[in-house]
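The next block holds one structure in the form of structure tokens; read it before the comments.
Letters A, B, C and D mark the chains in the order given here, with residues in each chain numbered from 1 onward.
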Amino acid sequence: MIKRPAYPPRNTAIVMRSVLISLIPGIVAMTIFFGPGVLFNLATSIFTAVATEALCISLRGRALMPRLRDLSAALTGVLIALSLPQAAPWWLIVAASGSSIILGKHLYGGLGQNPVNPAMLGYALMLISAPVAMTTFWINPLTTPSISAAWAAYVGQANDALTGATMLDLYRTQFLSLTAIEASDHPLFTKAHLGLIYGYEWVALSYLLGGLWLIYQRVITWHTPVGLLATLIVISAFFSIDPDTATPVWVHLIAGAGIFAAFFILTDPVSGATSPRGRLWFAICVGVLTYSMRTYGQYPDAIAFSVLLMNFTAPMIDHYTRPRIMGHESSVKGSGGR
Amino acid sequence: MTDLLLLIVSAALVNNFVLVQFLGLCPFLGVSSRIDSALGMSFATTFVLTLSSVVAYLLQSLFLIPLDAMWLRTLAFIMAIAVAVQFTELAVKKASPLLHSVLGIYLPLVTSNCAVLGVALLNTARAYTLVESVFYGLGAALGFSLVLILFAGVRERLQLADIPEPFQGASIALITAGFMALAFMGFSGMIRL
Amino acid sequence: MADYQIRHCERKLEGGIYTETYKALSTAEPCSFVNTPTRLTFPIHFSGGGPGESIVSIGDQVAKRTPIIRCHSGIIHVASRAGIVVDITDHAMTHPSGERSSCIVIEPDGSDTQESLNPLSWPFDANTLRDRAIEAGVLGLSGASFPSLKRWIDGTTTLIINGAECEPYITADDTLMQIDTHSMIRGAYLLSQALDIKTIVIGIENNKPEALTAIEGVLKQYHSNCFFDIVLLDPKYPSGSERQLVWLTLGIEIPTGSRSVETGVIVHNPGTLIDLSRAIDGKSITDRLVTLTGQALARPRNVIAPIGTPITDLIEAAGTDPELLDSITVGGPMMGFAITDFAAGITKTTNCLLARSVELQPESPCIRCGACATVCPVRLQPQLMLFALKGGALNHAIHEGLTDCVECAACDTVCPSHIPLAEWFRLGWFQTKEISAKRLRSSEARERFETRNLRLKRIAAEQDLKRLTRKAKSSEALEKARKAREAAS
Amino acid sequence: MTDGIVSIGAAVIGLSAIGLIGGLLLQYASKAFKVNGNPLVDPIDALLPQTQCGQCGHPGCKPYAEAIAYGEAINLCPPGGQATVDRIANLLGVDSLALDADKNIIEQDLVALIIEDECIGCTKCIQACPVDAIVGATKLMHTVIMDDCTGCDLCVDPCPVDCIDMVPRPKVSNFWTPQHPNMISSDRFERIEMKHG
């Protein structure tokens, strides 16, 4: 058992490395349940991200190695690959990864300056630009593609039998039209299949494991994940009083990107709120927005849009959740003389 | 009641005038470099928008329709808006001369703010009742204020960031506004009215 | 026996950090005296107590405790050893600016001639005591050389002895509390009597059991009508910072922009109280205890050295060749500053010389992780302040609370990007001061300009009036003359 | 046909009536919200350096502040430098301008110094000083009060014997500025290791 450190890591590269390590269980689970395409995507995405980062830095005439060594570009690449459809063709990955590094990060001056989450920006851009690929090139959880099938999907010749919409999308579009009784007979959603075949549970659990390890290592604080997950659970539990019309709690929690986002996307320190109270509010707002967009909006998983929206409110949240400075009467007005 | 609430949400977020319908971009870019001026502009625009939707409704129902003078609609609306704007300008100048100076030309330009005329025209085109007009105008104003203030917050941060030279100033602001519009696309399809 | 209690502090410092302390390095050997050096230097403007002027000239023979510098604030600094003033010149000094400034250089002649002031005898009032402290050159002895006399205003109810030496490495106050406990308690007691204070709080960290035992031993023998409240603190940095200490021991938050005296509390270091006790006996301040420590020194220990002793001599006294060191840290690793010219003499505020070689990690961009905010003892958001300062928006930084920063550098220590946050904040604070000084000057100029314009207007009006009356008179006379002439013709 | 004309006439009259009502409302508003003087002058004046040097073409800083409030260019103040231009631009929400190129830009904080050996005591400089920072009397030597001098150099030209120099302002003896954090990396050190566990 590794002893819990008393303070967060003392090095940006170690922070990024810890996040990368904690993603390993999730990646393994994804590969088991969704096939080797995940690994192709990862390799492409990381390569594109790091190459673009290197290009941008050298275009600005800055020192290359210190920035590449901090692994932030690689982490963005991994996050992009994990959030894109598993059967996505290579160009989608390259476009998402490259645009997130260039548009999301280096237009604003590189690490630490970007107002929005680069990975989510890349995802949202792709969702707008290539909506068909982004909504239908997910691996159907009832199948497990072979290496050759995964490669075919990678080069853009995906087999329709292997792919489909995400479970969250399916639930929304097909399942809600059925009654609860009909639903329990539906092959996709019977309890017997849960976890064993579809793997969503196992992937979510693996991400949860990695995320908890991050909290244990003090790389992230509990505020963000707890804020998002609790909000999702509470709201979906409230609305699922009527099971015929609402998506149940477990689908919200594990079928979408909820847990992955709670631990790895929202915790991006650069584009989020910075005070603990601010992080809690940030995550709660993302939760509310995500639920409403998932339920009423036209995109299946709205985490990316919610995160982007909240990124824009982060400066305001920072301003209004500032703790009271010692010796001051109120918390918002910070100025004073010595 | 629920309908009115949905009307506000729809006007403010789903069909946000600035980021979804791309109306009123001039003040959105012009006065968003500082939060305090954005706040002032928000109040001014909210006031003008709400007032002008009421006035437009009254003009429409009491003057244009009875006299069968719909061809004068644009003219009449612009006149009403101009009066409201001029009134606001005088009030702002009295209340906060600094804000008046900071808002500069953008305050009188609210007259030609297409969001304001847009709300008035949409109100009449959709045949909203008086209450609906007010709420629609209010929603549009809230949406405008929301994105203006948020954008100002982000721009204040951008001013301190180490942005590559070719992108400094207006270009990064436009890019960021584009990303903001991208984020607002998440609301699309949420409310169909 | 004095009335006293020992209690554990019930409050916990918000933020702050636990660091490796390395205190044992310098306490392994007992405290000792150093030999009188061959040269002593005394900066005229930077000896503590603000800018001043020399009251000796080159060639003067001075005795030990002969006054040599009078600060504009009134504080008098004395020669720490008898000798000859050989020079008054620009010289390196122990100061964060690293600049040279005019110093009095004295070569000790080894003689033992000395002057002293008349001892004060009880009863004396606060003013007498304050004048004595000024005359004897007692400073606050806290890092910022804040003259202690300003802290002495009426209405104080509590005296806190700051025994929380929370900076790593330094053991100067700890040692003083052990070797001169009686003087410290006496100084505190007499000060309390003069100011009519009934409670003396001793804030001491629980990693100093020897000092605690010594204090308890003295208090058991001591006769006083004060109540001594000994508070044991968690050894968390920066609990020895004034604002934090007042809050920890008394639960009082000093409002922003004011000092502890304004809430009726005065805080003094053990060294100040010992000096005060000596000053009452008529002895001006000539020596101080300095911790020589750090892994780069062969024999780290505490020494008592004459003020003005060059740093070179002290490094040699610690068994190390000064040539081997590039720079030395004056003060602790957290709030100290680096000195590269070892010819500089120690001042009344030099409590520690730290020599060590620690690898510097390269700085990388801030990722707003917020680690700094979690350790800030005043709950600032250092990451936002840094962003504003780096972008040149000083006002923004002030709005975020820049002026409340105590520059403890805890944020600096935990920063994963290795950004020198505290140094940015120090710079920002100085810029703030500079701007407000300029503002003040320009508003004074405006006033003088307006007064002058009014005066010029008034003078012009007066002259107009004079001319008009003169003209009126002369025209009257002219009229008369003309009439007379007309009448005549 | 007549219907159309009637309708057009009614519309035009109606519109005019509405215009009239609006006009009356605005007339009332302009009375009710009347502003006396220009309230911008004082905040602008507070930002100007108060050297009263007249290099902007106005007799003193306040008149220049008034001129700015009524639309004068904001970049005419050399003693304030670019920083002042930026601050005024920020206050008024206008674009900042580069300091006017015709003005000789003063990089340093200067003060006047009278070479006392050469002074003939003519009092011309005393009359020229806008802030009463020179003391002396006829036939007696004059001296500049350094703390009060704004460095406007208005006293230099009137001096008949050219005995006034502009010198850098003497440093206040205990004032110092810390080194810039970007500059001190060589002297910097890691503060301390954290205690783990």
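Following the convention adopted for this analysis, a residue touches a chain if its C-beta (ideal position, glycine included) is under 8 Å from a C-beta of that chain, and two chains touch if they have at least 3 such contacts.
Given the structure is predicted, the values throughout are model-derived calculations rather than measurements.
Contact count check for B-C and A-B (C-beta pairs in contact): higher for A-B.
Farthest from chain C in terms of Cα centroid separation is B. Averaging C-alpha coordinates per chain places the centre of chain B 56 Å away from that of chain C.
In terms of their C-alpha centroids, the spacing between chain A and chain B amounts to 33 Å. Rounded to whole angstrom units, the spacing between the C-alpha centres of chain A and chain C is 52. Among the residues of chain B, those in touch with two or more other chains are 156-157, 161. Of all residues in chain D, those that touch two or more other chains are 194-195.
Taken residue by residue, chain C touches two or more other chains at 17-18, 361, 414, 418, whereas all remaining positions touch fewer. Contacts from chain B toward chain D in the complex involve residues 31, 33-34, 37, 59, 63, 67-69, 72, 75-76, 79-80, 82-83, 86-87, 90-91, 93-94, 97-98, 101-104. The residues of chain D lying in touch with chain C in their complex are 45-46, 48-52, 60-62, 130-133, 147-148, 150, 172-174, 176-181, 184-185, 187-195.
Taken together, the chain D residues at the contact with chain B in this complex read 7, 10-11, 14-15, 18-19, 22, 25-26, 29-30, 33-35, 38-40, 43, 91-94.
Residues of chain A that touch chain C in their complex: 6-12, 14-15, 66-67, 70, 72, 110-113, 269-270, 272, 274-276, 318, 322-329, 334-338. Interface of chain C with chain B (complex): residues 387-388, 390-393, 396.
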